[in-house]
Each structure stands twice: as structure tokens, then as C-alpha cells.
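For reference, the structure discussed in these notes is given below.
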Amino acid sequence: MAPVPRLAAQRTMECPPWLRLERRVRFGDTDAAGVIQFHQLLRWCHEAYEESLERFGIGATEIFPRPDWRMAPPPGEPAAPDQSQPALGIALPIVHCSADYRRPLVCGDQLSINLQPRQLDPGRFEVSYRFDCGGQLAAQGLTRHRAITVADRQGCALPAAIRSWLEASGAHG
Amino acid sequence: MAPVPRLAAQRTMECPPWLRLERRVRFGDTDAAGVIQFHQLLRWCHEAYEESLERFGIGATEIFPRPDWRMAPPPGEPAAPDQSQPALGIALPIVHCSADYRRPLVCGDQLSINLQPRQLDPGRFEVSYRFDCGGQLAAQGLTRHRAITVADRQGCALPAAIRSWLEASGAHG
Amino acid sequence: MAPVPRLAAQRTMECPPWLRLERRVRFGDTDAAGVIQFHQLLRWCHEAYEESLERFGIGATEIFPRPDWRMAPPPGEPAAPDQSQPALGIALPIVHCSADYRRPLVCGDQLSINLQPRQLDPGRFEVSYRFDCGGQLAAQGLTRHRAITVADRQGCALPAAIRSWLEASGAHG
Amino acid sequence: MAPVPRLAAQRTMECPPWLRLERRVRFGDTDAAGVIQFHQLLRWCHEAYEESLERFGIGATEIFPRPDWRMAPPPGEPAAPDQSQPALGIALPIVHCSADYRRPLVCGDQLSINLQPRQLDPGRFEVSYRFDCGGQLAAQGLTRHRAITVADRQGCALPAAIRSWLEASGAHG
């Protein structure tokens, strides 16, 4: 096979698969004005963040709280790699979010979602989300997260898994 | 004070304040067909169940799981009466639900909600919800709940607080 | 009539009933971290905006789209005052929103909501929302709205009903 | 390779791609008990119904209401085949739904969804949804739909597109 030209490789680098997602607007995302309810976009942002971590190789068990009786990984999936040192004493609540709506989105629209995660300081990061439809910018979202210890809700350093996702993503920013 | 006539007393008995609620249909409850999204009705059912317990005198802290760091009652409210014997080792998950839609509901509609809670056996109860709009039946919902121990998710007896709500409500069925 | 003392008048002015609302955090507003899902706050903002208009005297029929077969006001309520000149050719989509989360909110928390609506220019306004719990700032939200004609989605002037709400509210800012 | 036995072939027939979907439980689907909020399952049912139609080849534009200014198909997609005879004078509201919850579902769980659509009479159909997780039945849902004319909300015959989906699906029941 012919060697992949450097530029193409770079382009691939600029858009690793965990930062480019797809989503279809569903009927339940709309309201009586016929377009999406504005706050659904922020739900989509969080789901895109979860899917991005998953595609990068970070399972939900490593990041998101689960009941004690279900700390094991989902059926048929490998245990979290850092099970011995779980990140689950740490929560990553959203401390700020925003969204801008540029074009109306309706049921059936197919969206491309681009994520741009960025570390802000040792204990905080943010993710920018760009939603395109038919090749045009439709909306943008932002979520800002802060690491805290679950036990006493004090600020702490980001978990290692999140740091590697941020580093790998930042290289393509 | 004048004695309350028997009939009025009965009417009051038939509809204690914790079983008759009100709700306004909001814009975000609708979809692009202009009417409510069907599954929002089931969200309303659960919120009506929570409000009914609250009006009867059972605080959210007695029934619904809260993070360990917030086991205290909400600011400015009394501690749960049975704090010494908390019901919080018990969860009441919904094992079945259903809904029937009779008339279209749109943004701005004012709803009357009637609840009819009923114990099924020592460990299970159900609540029927009737939604009227403009004096006409608009929709009905049903949620069936089962008591389980949080630790091992085994069936157990209903908490005392729920039993008294069921008994007081059943007398008006 | 006796003159209203200046201080009392000011206090009333500072907080007219349509700008100060209440809301209880429900179980369905929370996620597995035990606190509210961040995007629910923006749903609450929109519901507070709808309730504020309603308390001020602007019915949902005057502002929010309804299906053609239900253009009449809800059963038992008066027709919109400006039925002859309906605002319904105009939509007020949200073009921007944001939220800041200061303290964790859990199921059962009782919230005070303060709204501060503000006209930005002839065709746009925004509403700031402050959520307090137990006397402490818990979260803030913002929605920015733009008037457009439904038929061709071009910018236009705000409807008269919204302008009077903005003017009456601005005097208490 | 050995020939595939007839039974296995039938089994494949019994599960055409538009009746077997996948979904991941997201963090926002859960509540403070750590498991999914019961009514989210019914939202998933509707999204599975939409995705099934789409995979079968029926676009959202053919079935779901869209604003007049967006009656064209989504950017980059073909026009609905029956544009000349659109089904959009017909709505398919849900008149009944139900759900049964067998096993707790938590954030990160991967679900297989099997749909079984069935015509009930010339103007009504229902869809059964089976959710499996790790090879075990986790929940079941049901939505029942009725065809009505949008203009006067009277019962009418199901649109042709829905009838072909029901027929093709029924052969695999």
C-alpha cells in the first residue's frame, strides 16, 4: 500500500476518532416551536463527553459514580485498568456551562460534533463542543469541570485517566 | 366556631390535600407536534408522588437517597422524625408503569392531578394518577413500587412512613 | 388610602411577585452523583420565565406556539387580551444561555428563584436567574432571547406583552 | 464452511437490522439511587422507534412534524420518496404506554434493544421493546400509536410508509 502522505496523517491527528462524534436530532428533543429545546443541547454535550472518554478507552466505571452493588464493570467488558487505585473518590462536577444557538435544528437533522477538551489548571478542565449540520455551524456548547473529593467536596487534582485524555486531545487542538 | 357539617367533612375526607395537586403544562413539556411528549407524563407522576408525600408530612430525606455528605435535612427544615430508624436502607424502585392519553395537552394547560395510592402486599404499592384539564379526563398514569434493601437489593417490608401515607390515603379511595 | 411608607414601597418594588418564585428539587432532577444534573437548571430557568410571564398576566397563548386546533385559551381562562393582534407570528428563541453552579443541590432542597429580565435592544432581551437555597447562593442562570418572525425567521421587534413585562421588571432591577 | 442450517437462517430473518439496536446508558439517565430514572426508558423506546424507521428507510421528514420553513429534507439527504403525497397530514400520537423493570441499569451499561412492531387495526399499531444487558432481560417497554388527521384529530388509516415497516417487521415476529 502507498505510504500515507504526511499532511493526511496530520489531518487525521487533528481529528482523532474520540473528538468527532455523530448524533441525530430526535423527535423528543424538539418543542412546540418545532426546533430543539435549548437545554437538550447541554445534555448532548455531556453525552458527547461520555462517548469521547469511552472511545478513548476510559470506561464509565472509572469516572462516573455507580452504586456500591454495581462497582464491577458492565457485563462482558474488562475491569477498569486502575481498579486498584480507582478514581471514584473523585467527582468532576460541572461548575459552569454555556451554549450559543446559530441555526435552528429540527427532528431528523444529522449532527457532527467536534470536541475540544482543555486543561485549565491542575484541578479543572473544560470542553468546547461544536455542532455542525449540513456543513454549517449550528450551535456551540461549553462545560467546565472541577475535580473534588467525594468525601468532603474539596478541590483536588484531576484523575490520571482524565489527564491522559486531555493531553492526547490537546495535541490536536 | 361552628361545627363542620358532616357532608363537608366527608368531601374533605374524600380528597385530602395531599392527594389533589395542580400543575401547569410548560413549553419544554411539548414536542414538535405541539402536544406533550408522552413520557413527560410519567415524570409528572413521580413529581406528584413526591409532592404528595411532602404534603402528608414525609420529607424527601426520609424516602429518597441523598449523598452521605448531605444526609441532614434541607436548610431551615426539621430533621426527619424517624432519624434514629431511617428508612434510607430501603429503596422503592418502580417495577412497572403505564399511561393512557385521552386528550391532547398543550403549553399553558392547567391540570388537576388526583392520586390514589394503594398497598398491594407487605412489600409493594402502586399509585394511580388522574390528570384532568378543564373538567375533563386528559390522561391517566400508574407507578408500581417495590421495597428493597439498598445493600443487597432483596425484597423487604415497606417503610413505616410509606405505610402511614398509604393507610391515610386508602381511607379516601 | 393611607400613603405607603417609602421603605415598604421600595421593598415591594424591588421584588414584585412575578420575579420571585419557589421550586423544590425533585428526585428526577438528580443523577447518580446525588446532585442535580447541570442541564436541569436551564430547564428550571425556562419554566421560571414562563411562570413569571403568567404571574405578570401574560398567558402562554400570547407567547408560546400552540397547534392551530388549540389556539383558544386553556379551558376556564380568559382569551388573550391582544387576540386581535396576536404576538404569535413572533417567536422568541434562545440564542445564548449559561449557568454557574456554586453549591450542590440535592433532592428535597427548597429553592428561591429571583429573575432579572432586561431588554438589550429593540429585538432582544435576557433574563438572569438567581437560585438560593437556605439563604445562600446555589446557582445562577442566564437566557438570551431574540424576536423573529415565525414565517421567515428574520429579526423583528419584541412583542408588546414582553416589552411591558420587561419595563415593569426593569424598574425593580 | 458447513451450510448454515435452515433454523439459523430463520433466526437471522427474525432479526432484521432495523429491529435490533444498541444503546449505552449515560450518566444523565440515572438518578440519585444510582440507577436509571424509570421514565427515561420510555424516551429510549421512542428513540428506538425513530431509529428503526430510519434504518428501514423512512426518513423523519416522512413521519414527524417539522416547521413549515423546514419541510425540505435535512441537508445532504434525499427528499422523502412520497413527497408528492406526504404523510404529514397524519400524526401518530401515543395513546398508551407501559414499562416493566427487571434488573437495575447503571451508567455505562450497554443495552441490546429488540423491537417488535405489530399492526392492531387499520388505524393503530403498537411496538414492544425488549432491553437486554449482558445477555439478560433488563426491561420491557410498549408504545401504542393511533393515526389521526392533524387538521381535525379524527382517526384515519395508517400512512403507507408505516404499513410497509409493519409488514416487513411482522414477517420476523
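Just so it is clear, A, B, C and D label the chains in written order, and each chain counts residues from 1 on its own.
Note that in this section a contact is a pair of C-beta atoms (placed from the backbone, for glycine too) under 8 Å apart; a residue touches a chain by one contact, two chains touch by 3 or more.
Please read all numbers here as calculations on a predicted model, not as lab measurements.
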Neighbouring chains common to subunit A and subunit D, by label: B, C
Pair sharing more residue contacts (C-beta pairs) when C-D is set against B-D: B-D
Remotest chain, subunit D as reference, centres from CA atoms: C
Subunit B-subunit D separation of Cα centroids, rounded to whole Å: 30
Cα-centroid distance, subunit C relative to subunit D, in whole angstrom: 35
Shared interface positions of subunit C, touching two or more other chains: 27-28, 32-35, 37, 39, 43, 46, 64-67, 104, 106-107, 153
List of subunit B residues in touch with subunit A within their complex: 27-28, 30-35, 37, 39, 69, 106-107, 150-153
Subunit A to subunit C touching residues, read off their complex: 32-35, 38-40, 42-43, 46, 64-67, 91, 93-101, 104, 143, 153
For the subunit D and subunit A complex, residues of the former touching the latter: 24, 26-28, 33-35, 43, 46-47, 50-51, 54, 59-61, 64-67, 70, 73-77, 104, 106-110, 133-136
